[in-house]
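Next come two complexes, and both contain subunit A; in the first it sits with subunit B, in the second with subunit C.
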Partner chain A sequence: MQNESLLDVQGLTKVYGNKGSLFVPRKEMLAVNNVSFSIKKGETFGLIGESGSGKTTIGRMVLRLIEATAGDIQYEGKSILSMKKGEMDKLRSEMQIIFQDSGSAFNPRKTIGEQILHPLNKFHSNSDAGYQYNKVIEMLDVVGLRADFYHRYPHELSGGQRQRAGIARALIVKPKFLVLDEPVSALDVSVKAQIINLLIDLQKEFQLTYLFIAHNLDLVAYFCDKVAVLSKGELIETAPTIELFRKPKHEVTQKLLSSILTLDGDLGEYYRKQSAI
Partner chain B sequence: MKGWKIACSAFFTDKVATVGAVIIIFAFLVALFAPILAPYHPNEVAEGSIRLMPPGTDGHLLGTDQQGRDILSRIIFGTQTSLISAVVPVVMAAVISIGLGIIAGFYQGVVGNIIMRIMDVFFAFPAVLLAIAIAAILGPGLLNVIIAMIIVRIPYMTRVVYTDTLQESQKEYIEAAKAFGVGRIEIMFKQILPNVLPSLIVYSTTLAGVTIVTVAGLSFIGLGVQPPEADWGRMASDGSDLLMLGHPFVTFFPGIAILILSFAFSMIGDGLRNALDPYERSKVKKEKVNAKKAMVA
Partner chain C sequence: MIQAVRKKEAFLNVTNLMTKIHTPEGSMTVLDHINLSIDKGDIMAIVGESGSGKSMTIHSILQMITKNLLDSYAGEIEVEGKSILDIGEKEMQQIRGKKISLVAQNAMTSLDPSYRVGKQIIEIILDKTNLSKREAIEKALYLLEEMGIDEAKRVFQSYPHQLSGGLRQRVVIAMSLACDPDLIIADEPTSALDPSVQLQVLELFKKINRDLGTAILIITHDFGVVARIAESVAVMYAGQIVEQGKTSEVIYNPQHPYTNSLLNCIPDLDWIFLDGVGKKPLFQIKGEPPNLMNLSSGCRFANRCHMAKDICRSKLPELKKVHSPDLNHLVRCLLTERRESYAK
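On to the complex of A and B.
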């Protein structure tokens, strides 16, 4: 079970651009170029890249929030890119996403409770209102929020609390796979650790598989089983986390490692020393 | 507490907005009960057909006009057309603009371009000039003036909705909704609409005030309400010849009525926006609590 792959991505490509018209010259930009990777069940897969490297685009394509230009994505052996809308919508309860900016991840005019209830309503519309309300309260408790957050508006929550609510909204439909799109990069350092620990606990509790997208290697060693490094739309290195930290093959990976500061100089150096001993 | 109750209580904490609302409600009541409230029929010529009686004359509080009709009664009856000409075009234009603006902003691309380029064509003409042209083609009369005003207001309101929709559709809560399979129609009208509505409401109330003045202007040049029907713009226009002849009140009172009503519409705008915005609402609440604390201390 552990070794079965949940998500297989083959040759994923995304080209942004316009076909050109009378007034606009044809312009194309290769955002993601022939990316392949595979995520095993229960694994946390890190996708690391500088801004503009296409990591967010990949995260969105996996959930079909952005349509891929070419390539194939298989979820539990089923190709999701060829699915019709109805089929895909059914599958959406299994794959959810946590956003970077919790401030814009919630509709400012609806209460937190309403918005966590919404997906539940979408996928289990036949259950009664009382049951659904209890489910939301239960889920708020799971992510560490009090029941009275149900009636609050997004602006009344702190960034960390909103991120917890975002996790509750994603988890309420009992997904198996979560895309974490830089879930903590907008948060304070202390809150960062809390959210990451919450995600680790939830992964154990609900047997979740994560695709963790980040722009640096800060939390990767702590959080990910496997890491893929992206640069300019191309996957340049994929390796188990420990291996990547010990023996970074690519220049970009080394640069990313060197950017992590520790008390004894940079982390890349630290790991190299460690493996030398 | 229900959402609209919270909104109401937030609205009435805004003193300016409350005054505006009171004036508008008062105007509605006057329009509704005009036949009971007015001392005379609006077209009835005073006994002995005494023309241009000054304000305060016995039986004619605001005097009589150049044809000997009671000015107060005509203003009371004129409230009906003024309110209709303020509210109907703006509400109709707002409803159409919400549809056009949200669709253009959400789909962008070809659909959005077609809608917005058509709007740009309308922008090429000054609004009042366009209204005059449309009303002139359709022929004089209140209904045609209202149709003209609807057409003239749509491009402006659609722009407001379009710009807000562009901004909102890039936010992540829209993606979150897509991620659990919410349909486009639901996203447009349940997620985006509540977020673009407030600025449109503020704009609408401002436009309602301007529209009263514009419709009065169209009546002034003879395209709107036709004589002998009572209308504030028409009354102001008819009295304009007498301004310098020592009878300014014939124009003055309808003018004041136009001013007050259009002002009242502008006054409720900000209050409505704050009442509909959870963030502004909590700010008002906090200020209230702080004020109470200050009182105790």
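On to the complex of A and C.
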């Protein structure tokens, strides 16, 4: 693992609202407020918080799927917010995203193979058909799907298989950085573990860097090197995983971690004692 | 045949339920000899992966499987000692909502987006009881307050989209209580919610059970939820119950390899409190559940079971009592049977 940072986020802010006019009063909502963090190469960085705390908005702003209102995002030392469209498009092959709902992330009318191929066509349009077909088969193998999945349609796959296909589609353009937006929230407990293990293997194999957005806190504890906690659009605590889960400093973090359901009962007891010390 | 030991006030009894549905490839048995019994005031959980038959079980109990999908029911479902499998749709409507109500997974699907929440609650009360409109409004507000909603009046006047996910789920639970049912069936009521809201909703179910004595049957795929709320649990796999018993027995003394695997899927956090010592790889169950159209003669879990022997692939195990402090601890596994008979 290198110590160099891959992504640096400084003072990131997003304001939603209308500009206001003579008849419509100006209305603003601060979704993300002055958020700063940095992710090292090869690291898994977790982003947790209640729904509406701005996790997803940050994930999308980092990829410029949503434009930031203020702040700066540096990818490998280059500011991406000031990039022109052409430049940004080139960079997009290095930065990919995995969505929560694999059902709506795929076009129901096209085969899985065609859709995994799509990003390759966009970024490497000059390659020939035979090469492209082999590339898709190779990616299916990487994520643990058989070659005959090429000709299947999304509805013929289970949730776990579709999520694997989603990972194949993101990886085919050889990204270095992946935003994982609740990739396992909609899956069964047993399938969750399969997908997380796959992501860990892929990270080792291809030296990937992850931004993991999730509300499955037990998986965050297991999977992430570092965790940042968001509350109402503000970053309230960032720490290495073990430190954060052992001694959460902020009250909101303690409350959040207390809600982990364990087999042995209440973790809340532990955190209440912690905060008393 | 297994006879569950009955307590005094049995409410729901499901005996040898078999449900078949139509598929393009022919008739498929989605539920195979399901036995459940729920007494008044019980909290029970059914746990299993998608496709294991959890939802089919509750849809069979409420007879909500649509006519063109349903092939046939066999076995018996009794509510307060009365068979409900052969009663008409009119009588069934008296049972749904009044005796047994359902809380669906996604609150948005139970609420009409174009009507105010309050109107939707009083509509149920007016439809199923003899209360006047004024009384119905009072009851609706009372129910919302009971759900721990501070501004019951504001919520009453709101449209569903104006409420947060947690509030919407509370409204749906309030609706399910509108006619004072004896049993609430909750189908993955917390899967779509944040962890902290999930905990609040589970505590709410416990409170309802404690204060009103309403029995609760909760469907989930998360053993963490089971451990938190249920007194007893049935583990389902490929349309069958594979293990059943008191929650503490099933969690601390699991006998079926599938139960064990499901429990292992919950990450153990102990290593965090031991300075990172003893962090184990995340456990996963290999493979996928079998196709119900194309079952082998053996144990349905055999292909994914890390303990499976040859006998498991040729003989289907029955659900049998195991040696346990819990007299109703049942397991469907040949290896457990073999181990027990060896120990005798």
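Quick notes on this one:
Everything below uses one rule, namely that the second predicted complex is superposed on the first by the 262 of 277 C-alpha atoms of A that agree within 3 Å, B and C clash if a C-alpha of one lies under 4 Å from a C-alpha of the other, contacts with A are read in each partner's own complex, and residues count from 1 in each chain.
Please note the rule applied: a contact is a pair of C-beta atoms (placed from the backbone, for glycine too) under 8 Å apart; a residue touches a chain by one contact, two chains touch by 3 or more.
From a predicted model like this one, the values you see are computed outputs, not experimental measurements.
In the superposition on chain A, A:H155 makes contact with subunit B only, not with subunit C.
Applying the stated contact rule after C-alpha superposition, one finds that A:I242 touches subunit C and leaves subunit B untouched.
Of the two partner chains placed by the overlay, neither subunit B nor subunit C lies in contact with A:Y210. In the superposed pair of complexes, A:P108 makes contact with subunit B only, with no contact to subunit C. In the superposition on chain A, A:F99 makes contact with subunit B only, while subunit C stays out of contact range.
In the superposed pair of complexes, A:I260 makes contact with subunit C only, with no contact to subunit B. Shared-chain residue A:Y222: touches subunit C; no touch with subunit B.
In the superposition on chain A, A:K192 contacts subunit C only, with no contact to subunit B.
Listed in rising order, the residues of subunit C touching subunit A in the complex are 49-50, 164-165, 194-199, 221-225, 227-228, 251, 261-263, 265-267, 269, 272-273, 275-276, 279, 281-285, 288. For subunit A in complex with subunit B, the residues that touch the partner chain are 60, 63, 65, 88-89, 92-93, 95-97, 99-101, 104-110, 115, 118-119, 122-123, 153, 155-156, 166, 169, 173.
If you check the complex, the residues on subunit A that touch subunit C are 50-52, 158-160, 188-194, 196-197, 200, 215-219, 221-222, 241-242, 245-246, 255-256, 258-265, 267. Residues 171-173, 175-182, 191, 194-195, 276-279, 282 of subunit B are the ones touching subunit A in the complex.
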